[in-house]
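Below are two complexes that have chain A in common, paired first with chain B and then with chain C.
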Partner chain A sequence: MSVPYITSRLLYGIPLMLGVTFISFLLMVHFGPDKTYELIGKNPTEEQINEVRQSLGYDQPFLLRYGNYVKELLTLDLGLSDSSGEPVSSILIKTLPISLALVLPGFVLGNLLGMALGLLAAWYRGKWLDKLVMSASVVGMSVSFLVIIISLQILLCTPYGLNLFPVRGWQVHGLGSYFYYVTVPTLALVLVTLGYNTRFYRAIMADEIERDHIRTLRAYGAGPAELLFKHVLKNSLIPVLTRIMFSVPFVVVSGSLLLESYFGIPGIGLVTFNAITSGDQPILKAVVGLTGVLFVLALTINDMLYSVVDPRVSKS
Partner chain B sequence: MMGGAWRRLKSDRYGMTGLFIVIVFSMVAVCVWSGLLGQGWSDVSGNRWESVSTTHWFGTNLLGQDILQRTLFGTATAFEVGLLVTFCSTLLGTVMGALAGWYSHGWLDEVILWLKGVLDSIPFYLFAAAVAFALQGIPWAMHLAMIITFWTTTARIIRGEVMRIKQREFIEAARAIGLPSIKIIFRHVLPNTFHVLLVQASIVFVAAINTEVILSFLGLGIQDGVSWGLMLAESSQEVLAGHFGNFVAAGTSLFVLLMGFNLLADALQDALDSRRATA
Partner chain C sequence: MLKKTKIIILLVLLMLGGCEQPPPTDSGLPAKIYRHAMDGAPGSLDPAQATSLYAKFIVVNLYDTLYRYKYLARPYQVQPNLAVAMPEVSEDGLQLTIRIKRGVYFIDDPVFEGGIGREIKAKDFVYSIKRHFDPATRAQGAWLWQNRIEGLDLWKTEGSDYDKEVIGLRALDDYTVQITLSRPFPQFVHTLTQGYAAIVSREAVRKYGQMLSNHPVGSGPFRLVSRDSVRAVLAKNHGFRQEPFDLTDEGFDPAKHEKLGIQQLQGKSPPFIDQLEFEFITEDAARWNAFSAGELHFIKVPVSQFDNVLSQRSPLTLSPQYDGMYHFEASPEAGFIYTNFNMADPRIGYHPDQEQNHRNHALRCAMVKAFDWEKRNEIFFYDIGQVFPGIIPPSVPEYDADSDTSYVQRDLKGARELLLANGYDETTLPTLEYGFPNSVTERQIFEQFRNFMTDAGYPASKIRPLIFATYGDYQRAYSQGKVALINSSWTMDYPDVENNMQLYFGPNAAPGSNSASYNNPDYDRLYKTSAVLNESPRRTQIYREMNQLLMNDCVSITGISRTLLFLWDKETIMKPDRSFLGGYFMRFVDLVDSASSTAP
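Coming up: the complex of A and B.
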């Protein structure tokens, strides 16, 4: 990986970041609700109004306000939450680990299971096992996330089912309580992503398995595990990496938003959900802006990984 | 080409099942729009949480409203969201994709790709929240958020198709006789992407209905009327107390309709595959 290649990728990321921050600025700061009248008393004078507007920065020109927003994001000096008065950055730092602990097991399991099922289907392509796995994945794709969560809750958390796990909450003190609270959300996340993952991995594996060198290896009696890790996955690493990189924001942000607001787990998703319902602008603009910037960063790193995986990429 | 595709679709049992499901649901939606079904969705016609009976096939909800009526009305809401979002985002995606593909590697292409990159970088539910936040009180905020984010996939696919098609001889011929670009794009290039658009549109439809459910649960969705998402949101509290009417009615309808669309989309993809059509 050469230095000019790295700089060119970084330069490519800058317009994207500007765009992401600009859109979140436009939606949440520029067109966002005017907070002037929440902060002043009854029958304010012209002067008082101007004073409050000045302290909120409303009198500044458009571009300057945008510049301030970008500066806030870069320095992580995100202001105070409207509802709790706590600094937004400390709220985010406090809640991020919880969200990751909640979402990562499901994300990893969903991909591994999808890979295994995809390989199984591709291996027995056209046979009944392939058809069974693919029909099941269409069924999986047709069930809404919300329906999966509610069904699991009925089956596992209420007296109408097995009643093994808590209905909601997150009081994690050790490994035991972690499993107690994380199992049902993890199962939901695995089930909602499994159908899509299986289809994706099957499509990739089916393409790869048809290749001549794989057919020859199969004829020589190489087993599925050896073929998968040594030959198939290695050659399909680029689409797999892209898929995983692109699904991280979906699974982490959207997954935690829904799971945490449903199960009452105090992670970033619940903070965001509460900010949506109460109109807490400092939190919303920080979360949207930061995830956008982080996603562009992840994409840039992804592009760089390409050239590690496949040196031809950086030469073209 | 379309004749062959229809023949292949007809011989696909799963695809025809999907088509049948979609037709039945869309007929229900048409009946609701024309005032024949589901008109009593907001009437209080019974007591709180009545169980299943001949007057209330799925029981009643917290306020004593008939769940069957609400489910039927929800079908129309689902189609309203699905059709509007699919139509607008497909239109936008086609125009943007065609322009980007036709002027590929030019400045217009770069701008469209940049815009697509930016919109793809904001996780969707957050984007919807941001749009809803900016457009407080406007009932179309959810639809708008979906249209703004869903067109990018269609545009990417159409861009690729247009870049492929513009290499073909008949386009070269159209250029040689001096047809203006706009005319070539809309008369000669885009009609050849119809099969891809049809499949993509059915995928967008599924995504729109699915998303409405989640956004409604988060309080960012349907503002007036009733939808399956709102019913599921209601049911999330009720199931803990043992009232399953809302959950079973909305969950099942949602599942069957999405299943129908997914089966249809798969069958369309197979039937319209150009490689198989020429073979």
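Coming up: the complex of A and C.
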């Protein structure tokens, strides 16, 4: 993996970024909410409506607005939120780490457990254990995220249950308080994602287990641990990496709206949702730009990791 | 085994590490922290932009206004806050002189010399009102004073130069404000209780600009510590003026308030708590769970919990399981819900052809008759809302309890007959758009509306939903006349029904607050006559006439006032309010000593 290779991948991201931002901006401007009427008082005159439109920049030509947007992204001067007046960059700096800290444990655990259960189910394909894991996965997938959140809150956070954790809040000052606030959201996230992850990993592992080289190894007498972890898992890494890498931008940017909303956690997911529903374009533009950058980065890192786990990729 | 035990102990210690005690106060006692649940989040906390109920709640705790409402007196009564006394009003009612208290300071902030808050002067009030007329502020409160204060609109037209004096808004000296109205406006003093009228410092606006929202520099009982998308934390302003609480002044009634423990506050100077936390929780289930877990002191009970909380509806009675734990209050909403017909739409409203105009009137009246308020109340308001005819709700003194209620009684037979008599059938009835912002409840309300109409013979396919992503988009559409049936709600800004009557005043037509674009010269004439009158039997009579005109013209399917249920724990001493007093009550909240909060 050479520097020119990485550079070419990053350069490839520039038109991608322009395309993503252009289309998103177009959709935002023409189909997104109009903030004007949320910012005018009662009994407005046409003149007052126009004043607000001007202050929001709605009266400017589309291309000029898009040009300003690209400039804002390049200079990282993202402006002020139309709703709260706070600098958008300061909002992102405050909320991004919180969303990451909130979602990361659940994301990692959900994937690790999914992989483990997927391997197990694939190894015992067609047997009762496989059926049990798959049935449980379907049940897990069928239960609404909301039901899981509310049930866990009642079971673990209220006097009707164990009352061990808080229903809401994120006053994290150290590892202890972090565990205190993150445990229940993590459990909810693991429960809701485990079914999907297990079925996905089981499908690719089962496919890999059927391959000739695995059968040959079994014929040579290789044990299950060596087979599963050294050969099956390693050879399945390309789809695994793709899934994980492309989930990362979502994990970073959207956090988990429902978790943040129900557990009172001030992450970027909730801020983005509020911006969508209120038409806060400075925040939306920043989030769209950030998502684009993260996708380009994820794509580049993904390509680099492909060549690490399978050298044939970079040679081709 | 030993290793496992160590891990468990370590985990427990880690968890305990998160359980921090609140900082002690100067007296060494634990801090008193009051946590208040809100079912929405505020936008900007700049007083000039504090338009939502949630923002107003917070703003009046950060800033001072000249007047406020008495804590306990009902009906609501205005009383001085930063003003020394009620305004001195000239005989013609046009000139008001207001003296403000001396020795009241803004909180310390780097915007002031040496970082020490300076004294509030009359010029600060003048500046704060002028800001609403400066386009750069993007203010939302100008409508309160538009065309009412002499010279203020002209000041805007001439470029909003703060160094130019406005003839009708002057600081006579450091502690005296003189306001000259262009015509009598009896409700004017009410406008000075609004969050919009809060007093800001010019230095802070200059330095923070649009970021004033996050750097409030006021003189209210609290100052902002932090604020994000889920909560705002306010701490006691230790420099807040010392004004001992007077039970009589605040309208204390032993029969109503003694059980709340409010008499204990007599003689103490507010604010009584060290920290005030607003939790913004839009999801009903999360709000209820947090309240049940003891993480909140107060909640407006979600409708989904009414069955759980109440043992009976008439009279409203708390379930025994909650009776010993919480204080309970049922509070009628200061406002109402209604569905306007777009009178500017020739399919349903005014029509140049007199005959068609007459038929449109009959169609509107038939729809009014087809509407079932009982069902609406039962399904969406737990049958505890107050249905009333017109726009004068039971919460105001002008309400006539003996009035004819046939306007809000369902009369399907009458509706069908009216349609038939005017030549309407499935083929001739017009297709109408019913607008609403996207939400499950709004959709359900629409479906119920359509169902009511189909009962009267209106084809379901001819009442079409027009769904908008946000309320702002919906407002834009109906302001531009693109919606035939406008479902809406109105929250009164001040406790004077004039605030409702202006909703149908012709000059306020869309995009103004008269979303029906109702235009009746008789109504307008009566409005103009009443607008300069103080509360009196004559004014009440005029308002009732106007109400009747609206019903005769079948302008709106109206209305219902919701009943809100409040619960708060027994360790909190307060009388909550969500209408005109709003956030002002926070300064009077106290917690019994044993309830001094422990943070999780």
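The rule is short, and it goes like this: the second predicted complex is superposed on the first by the 247 of 316 C-alpha atoms of A that agree within 3 Å, B and C clash if a C-alpha of one lies under 4 Å from a C-alpha of the other, contacts with A are read in each partner's own complex, and residues count from 1 in each chain.
FYI, a contact is a pair of C-beta atoms (placed from the backbone, for glycine too) under 8 Å apart; a residue touches a chain by one contact, two chains touch by 3 or more.
This is a predicted model, so every value here is computed, not measured.
Contact with neither chain B nor chain C is seen for A:Leu290 once the two complexes are overlaid on the shared chain. Touch criterion met: A:Tyr178 reaches chain C, while chain B stays clear of it. Contact with neither chain B nor chain C is seen for A:Ala188 once the two complexes are overlaid on the shared chain. Once the two complexes are laid over each other on the shared chain, residue contacts for A:Leu27 go to chain B alone; chain C is not touched. Contacts of A:Asn163 after superposition: chain C is touched, whereas chain B is not reached.
In the superposition on chain A, A:Ser261 contacts both chain B and chain C.
In the superposed model, A:Ala122 makes contact with neither chain B nor chain C.
Of the two partner chains placed around the shared chain by superposition, chain B and chain C are both touched by A:Thr277. Applying the stated contact rule after C-alpha superposition, one finds that A:Val52 touches chain C and leaves chain B untouched. More residues of chain A are touched by C (comparison of chain B with chain C).
According to the touch criterion, the shared surface of chain A, contacted by chain B in one complex and chain C in the other, consists of residues 32-33, 146, 150, 153-154, 158, 160, 167, 261-262, 277, 279.
Of all residues in chain A, only 15-16, 19-20, 22-24, 26-28, 31-33, 138-139, 141-147, 149-151, 153-154, 158, 160, 167, 249-250, 253-254, 257-258, 261-262, 272-273, 276-277, 279, 281, 284, 287-288, 291-292, 295-296, 299 touch chain B in the complex they form. Across the interface of their complex, chain A is touched by residues 11, 13-20, 41, 43-46, 49, 51, 135-136, 138-143, 146, 210-214, 227-231, 279, 281-283, 285-286, 289-290, 292-295, 469-473, 475-476, 479, 493, 502, 508, 511-513, 599-600 of chain C. Residues 114-115, 117-119, 121-127, 129-136, 210, 213-214, 217-220, 229, 232-233, 235-236, 239-240, 242, 244, 247, 251, 254-255, 258-259, 262-263, 266 of chain B are the ones that touch chain A when the two sit in their complex. The residues of chain A lying in touch with chain C in their complex are 32-46, 48-49, 51-52, 55, 80, 83-87, 94-95, 146, 150, 153-154, 157-160, 163, 166-181, 260-266, 270-271, 274, 277-279.
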